[in-house]
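Both complexes below contain chain A, partnered by chain B and then by chain C.
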Partner chain A sequence: MNIRKLALGTAMAVLTGVSTAAVVPAQAQEQIYVPLLTYRTGSFAGSGIPIADGMADYLRMLNERDGGIGGVKLLVEECETGYDTKKGVECYESTKGKGAVIYNPYSTGITLQLIPKASADKIPVLSMAYGLSAAAVGNTFPWIYNPPVTYWDGASVFIKHVAEKEGGLDKLKGKKIGLIHLDAPFGKEPIAVLENLAKEFGFELKLYPVAAADMQNQGSVWLNIRRDRPDWIYNQGWGAMNPTAVKEAAKNNYPMEKLVGVWWAGGDDDARAGGDQAKGYKSLNFHASGSNFPVIQDIQKHVVDKGFSKVPKDKVGENLYNRGVYNSMLIAEAIRTAQKITGKKVVNAEDVRRGLEALDVTEARLGEMGMKGFAAPVKLSCDDHSGHNKVYVAQWDGTKWTQGSDWMEPMKDKVRPLLESAAKDYAAANTWPARSEPCQKGS
Partner chain B sequence: MDILYKVLIDPFVQMGAAPDLLVQTVWEGLVSGVLYALIALGFVLIFKASGVFNFAQGIMVVFAGLTLVGFHEMGVPAILAVILTLGVMFLLAVSVERVVLRPLVNQPDIILFMATFGITYLLIGFGELIFGGNPKRMIAEELYLPTGSIEFQTLGGFVQLQKIDIAAAVIAAIMIAALAFFFQTTRIGRALRAVADSHKAALSVGISLNQIWVIVWFTAGIVALVTGIMWGARSDVSFALQVIALKALPVLILGGFTSVPGAIVGGLIIGIGEKIGEFYWGPLVGGGIESWLAYFIALGFLLFRPQGLFGEKIIERI
Partner chain C sequence: MFYREAGQYKTSYAADMAVFPIRQDLIGVLLMLAVAYVAIPMFGSEFFLSSVMIPFLVFSLAAIGLNVLTGYTGLISLGTGAFMGVGAYACYKLTTIFPGVNIIVWIVVSGFFSALVGVLFGIPSLRIKGFYLAVATLAAQFFLQWCFVRIPWLYNYNASGAIEVAQRTLFDIPITGARATPETRYFVLLTIVVVLTWFASNLVHGRIGRAWMAVRDMDIAAELMGIKLLDTKLLAFAVSSFYAGVAGACMMFLWYGGGEASDAFNINQSFNILFMVIIGGLGSLIGSFFGAAFISTLPTVLKFGLPAIGIPLAGATAEHLTHIVVGGLIIFFLIVEPHGLARLWQIGKQKLRMWPFPY
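What follows is the complex of A and B.
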């Protein structure tokens, strides 16, 4: 036995001890793993970045301010999808083994791919106000959630808004209503419900698809619009398509107050691109913009001011940033509800699914979270995974979004039967298994 | 019979019934066509000099536009920002020649083609790292580009011309003419044509291949900057713009990969053709045909002229 070997052995023992000591607390530390599928690169980054910032900052704020949720810190990890379905599925596959409790695909294309995968893996998918509208039917899709509204609800609110401005639903007869949309699953989602409403109320629906490659080259689409002269246009656009559409509308002298975007077409940069002429542009919304809310101020204090955020300070409170905050609030409330239901601190994916199904964000709870006036209450149930909650029409005043209407209920009586029928069709076409998960008591 | 009427008669009836819309459509096509021609020119220059299809031309448009806006955001005056951006594009040309092309001399063309894929992804990553993914507003007014529109009440309706579109058409036309003059009449231009004909023969008479490559990549960089400014002013500068650059593909198929006049004529045919097609025939199939119609037109021409309208007919003995 020489001294050299002894020294080596001692060093190894010390090193092993140190590394073990380093690992043990990490393993013992209780965490809930929340992967965020985001996109900060590619053609849609302009819309993706503020949402990613809002989502990450709210969850970070919970960690910094409250020590996580129910005393358990959140382990948040972003995975870059570039709004590319293939990359999104890769993100899902590479993170699901780490104990993910919930997925936010942030793309209708990715959501459509994850619906069968996540259902088989038993991990809930929260496609907040996007994705497959029919997923609102909880009896068919126990693992998929799309609160607070579906695209079909949104389209019905747009029609209600048009009717309100035109003097009633009966005044829609003979009107021409256009849908300018991204020629992708997301853009095509509202077509079915608009066709149905067109039949019922007697208006003519004109479709104006925009290929992803031509998002910034919409000249001929707007020439078609100039020829058809639709009375109103609904814009189901995303990314670079939106600022171009607003610019083209201004260029073609289309009355801005008759161009209404889905909530994803309501970014500050979308409207800003049209300059002064964009004044009056409208977009549906289900939360407020601006930073005059305690929750946003807490994010500023605990995250942005401390340099933990990627967001430029002047962008905090912009519409899509607040969209990300709202999305993360739903994630957090689902986890909190899951903790309450199960009595566990560290919840798993199945628990969070139960939490989502029992989600009940009341007015009082919004107040507790510093979100009074920020959004409308949201309640989900075993069968209703969307809630068909209220939305309002926001209007661009030239510098910021303002509330341009009261909160409006979607046409649930029209939309819900269509969703149920679509869910049945989906189940039949995909040999979908019958629901085996029990409903949460009272949900 | 109804479908035949809709395809063969009705579009022409519409053209006659609303001639203002026809003129507007042709104008929109013309502007797009000129911009396509400008992008195609960037491809042609590099293809002529090295036989390489430069897949990175699209991202060069974005990169040049973002660099310009980036300099301006740092407080650099607009005109100086243009000069600095040209400097960056020159550095890029030198880097490409030194790091990518020179080590790959005498390799098959497909290797060089694949290398331009590498340049594309490198520029995407580098660009996103420096400028972020957010779209940027092009500094059109700061560059003294006109804004607003001119409206003519004519042909039973109105025709509206955006001043920025007029400027784009004029600047692109001047640029194309200048490049054509440069490559047709100057010593460097003749050297470029010699390199295009045969690398070995050009080398044997003392033409520096490396120098020519730097010149054409820099020229393609200038073209990219002009395209970035013009297209950026029409919408904004974002990474989505690189996709539009792929519209130059059918232009090249149509015009020929080695012809500057081909790029111009091809650009105009594709630009006007796709706008007319989308406007008059698109609604018959639900619209959205613009993205593939350009290829359809190009392939139609290829049936009769496989080398493209102005391409060289290559006959090889076997």
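What follows is the complex of A and C.
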């Protein structure tokens, strides 16, 4: 019995080893392998599914319409993470051997795990507007990219928006600004920046943490808010926390147009939960929603109508779906830039890293892609892996998101020094190696 | 057949009471060690080592810890996840304050911090039993997890609240951090698990283990026989939390390599380990390994193993199917053998000993 069990165990081990090795030759064909770490299961699936659909559909559309990128087809494979760090790392470990050129972890927890791993394996990580804010410092993190903005930029844009509505930065003095946030690393991201800005502009910062277990039970938090009566509230929440916050704000008669969410608090379902009273709720955004863009119509024509997509037809063009499309656009543009720099057709992970560093999505390029008005230009550099690009404040009109402000620059001069010092701390705490990759000049 | 005691004569009490009653058991264990130390690192791919074997060993260690408490002493705990967290944070603080000391030393020492916290939360166990004790340990889970989020000192005031695992070496070979290969991490972890399992085996077979089992079977009778309940129960809490703490430190330093630690040691983790102990077999060390393999490894092997042998499954479908299969298997095994996988293993061995005339 012992021996039999042992034989079985060894056979299993060998089998797994051999079979993982056997998959590798698949890339020998003219393909670029792009794994997508997505979550269609688990407690955050509600926001994960539209993002996953958007990402998969845009890449599929490139394959269908253009035959891939630069004539090379993309081999896209989804791996389910369930927003779980352990499963996410498993996905990374199981796909990296197949020649993955880029990773999008889609969870702050998974991103933190992948930062050291991917840097050692030399595969770029694109954590689009999430993950470690300090990763924007390219000199420390050559393999990590977080365009178009970091959480810290987002918080600074919120303050800018408040100043604009109040009539200038000097009018912030004496105001009370609240931060309702998930009591987890992700939620606490903007605190440092807001504290710094509070000192500088003289407003008072009030913190309202919401424990992950209490996401749907915010009654006591809102009691405090009712007592303090903050003039503005910034919402750094995710998942079930957002619709609850909007609902509670409506119940407590908090003026909706003074509640501003981070971009992850801007799902259609988040705002819809508040009913009619949610009208006026705001959230930061870096791309447009709606299907009124040539690129979305192309996706409908080439992918959705042909039945290649998992998305329900009426969900195409929702905010989070478009975020997936935007994310895939960044992936595709990085690959395209890499092809242009290296002159190779089938690029590898190191080439894509150079492509990301030289990424320059101009207004003209957006027009070519059918994304005019869909997003602001994005430009990265060797030193700046986030770009501190423009965002705008979206406003819920009761049925859909509309553009509630102009595109605004983050306060780069305020945020950048904080990022630099955070990157330095990270490097010190992790005995992080100095950057050895040469800088990629824009092509 | 080959598994029987014919021809093996026991001439002393010590031989009769030995952990391995027949020689084949000893050979079997040695063979298993050989496979673990030689065959698996030789033939296993990097993915197999880092995503299957390392999690399996970490959870085995945690399950042994909980088994000491729940299986051997009969005290239910829902705080295992938090005790693992104490180990992880203790190890992190120790290695940042004293970076010169070898990390393996700190991984083991961090278990003592966890043991201390475990004893503290074990004190109510003298008064309350059963489900009520479970609720009391639940308090430990929530309180400690609250500390992990709210005490920035624990994670060195990191902006994202994450533990950051620096590179540490043993004989100049990196064993933690991103540059440590899965093989080295696996060897370090395997050695820790083997040594601690051996230690646990000696504990449960000796005087202390007997006292634990006496308390489990009937605490009043045990007390009348002269076993001090408080000491015994607290010792069980201490040993159990020690194992959990070492498992937690191993999890962060040898498996995860840092990250959002507060989230990794949540209530789900505690439940998972409790399920491992129940499905593996209460009061059995080998059961802890079976349980860990069943709950933690089987889903991974199903999810990535099936596509690898040519069954086309991808993304969410694989995940859903894994849930269905594992759920079904749990029900199946609990119906077939309510005493856990360890009992099945034991029955199998018993039958083999009597073969070909089992009764």
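The definition used in the following text is that the second predicted complex is superposed on the first by the 413 of 443 C-alpha atoms of A that agree within 3 Å, B and C clash if a C-alpha of one lies under 4 Å from a C-alpha of the other, contacts with A are read in each partner's own complex, and residues count from 1 in each chain.
One rule holds in what follows: a contact is a pair of C-beta atoms (placed from the backbone, for glycine too) under 8 Å apart; a residue touches a chain by one contact, two chains touch by 3 or more.
Small disclaimer: the values here were computed from a predicted structure and weren't measured.
Look at A:240: by the touch rule set out above, it reaches chain B but stays clear of chain C. Residue contacts after overlaying the shared chain place A:202 against neither chain B nor chain C. By the touch criterion defined above, A:40 lies against chain B and chain C together after alignment on the C-alpha atoms of chain A. Contacts of A:223 after superposition on the shared chain: chain B is touched, whereas chain C is not. Contact with chain C, but none with chain B, is seen for A:78 once the two complexes are overlaid on the shared chain.
In the superposition on chain A, no contact is made by A:290 with either chain B or chain C.
In the superposition on chain A, contact is made by A:183 with both chain B and chain C.
Look at A:99: by the touch rule set out above, it reaches neither chain B nor chain C. By the touch criterion stated above, A:377 is placed in contact with neither chain B nor chain C. Set against each other, chain B and chain C differ in how many residues of chain A they touch, and the higher count belongs to C.
Taken together, the two structures place residues 40-41, 183 of chain A in contact with chain B in one case and with chain C in the other.
Remark: chain C residues 2-3, 24-25, 27-28, 31-32, 35, 39-40, 43-48, 50-52, 55, 96, 149-150, 156, 158-162, 164-167, 177-179, 256-260, 262-264, 300-301, 303-305, 308-309, 314-316, 318-320, 323, 348-349, 352 touch chain A in the complex. Chain B meets chain A in the complex at residues 18, 21, 24-25, 28, 31-32, 124, 128, 132-135, 137, 149, 160, 162, 231, 234-236, 238-241, 243-244, 246-247, 274-275, 278-279, 282-283, 286-288, 290-291.
Considering their complex, residues 39-46, 48-49, 183, 207-217, 219-221, 223-224, 226-227, 239-240, 243-244, 247, 251-252, 269, 273 of chain A touch chain B. Residues of chain A touching chain C in their complex: 1-3, 6, 9-10, 12-17, 19-23, 38, 40-41, 77-80, 82, 85-86, 89-90, 93-94, 97, 108-109, 112-113, 116-117, 119-120, 132-134, 183-186, 188-189, 192, 422, 425-426, 429-431.
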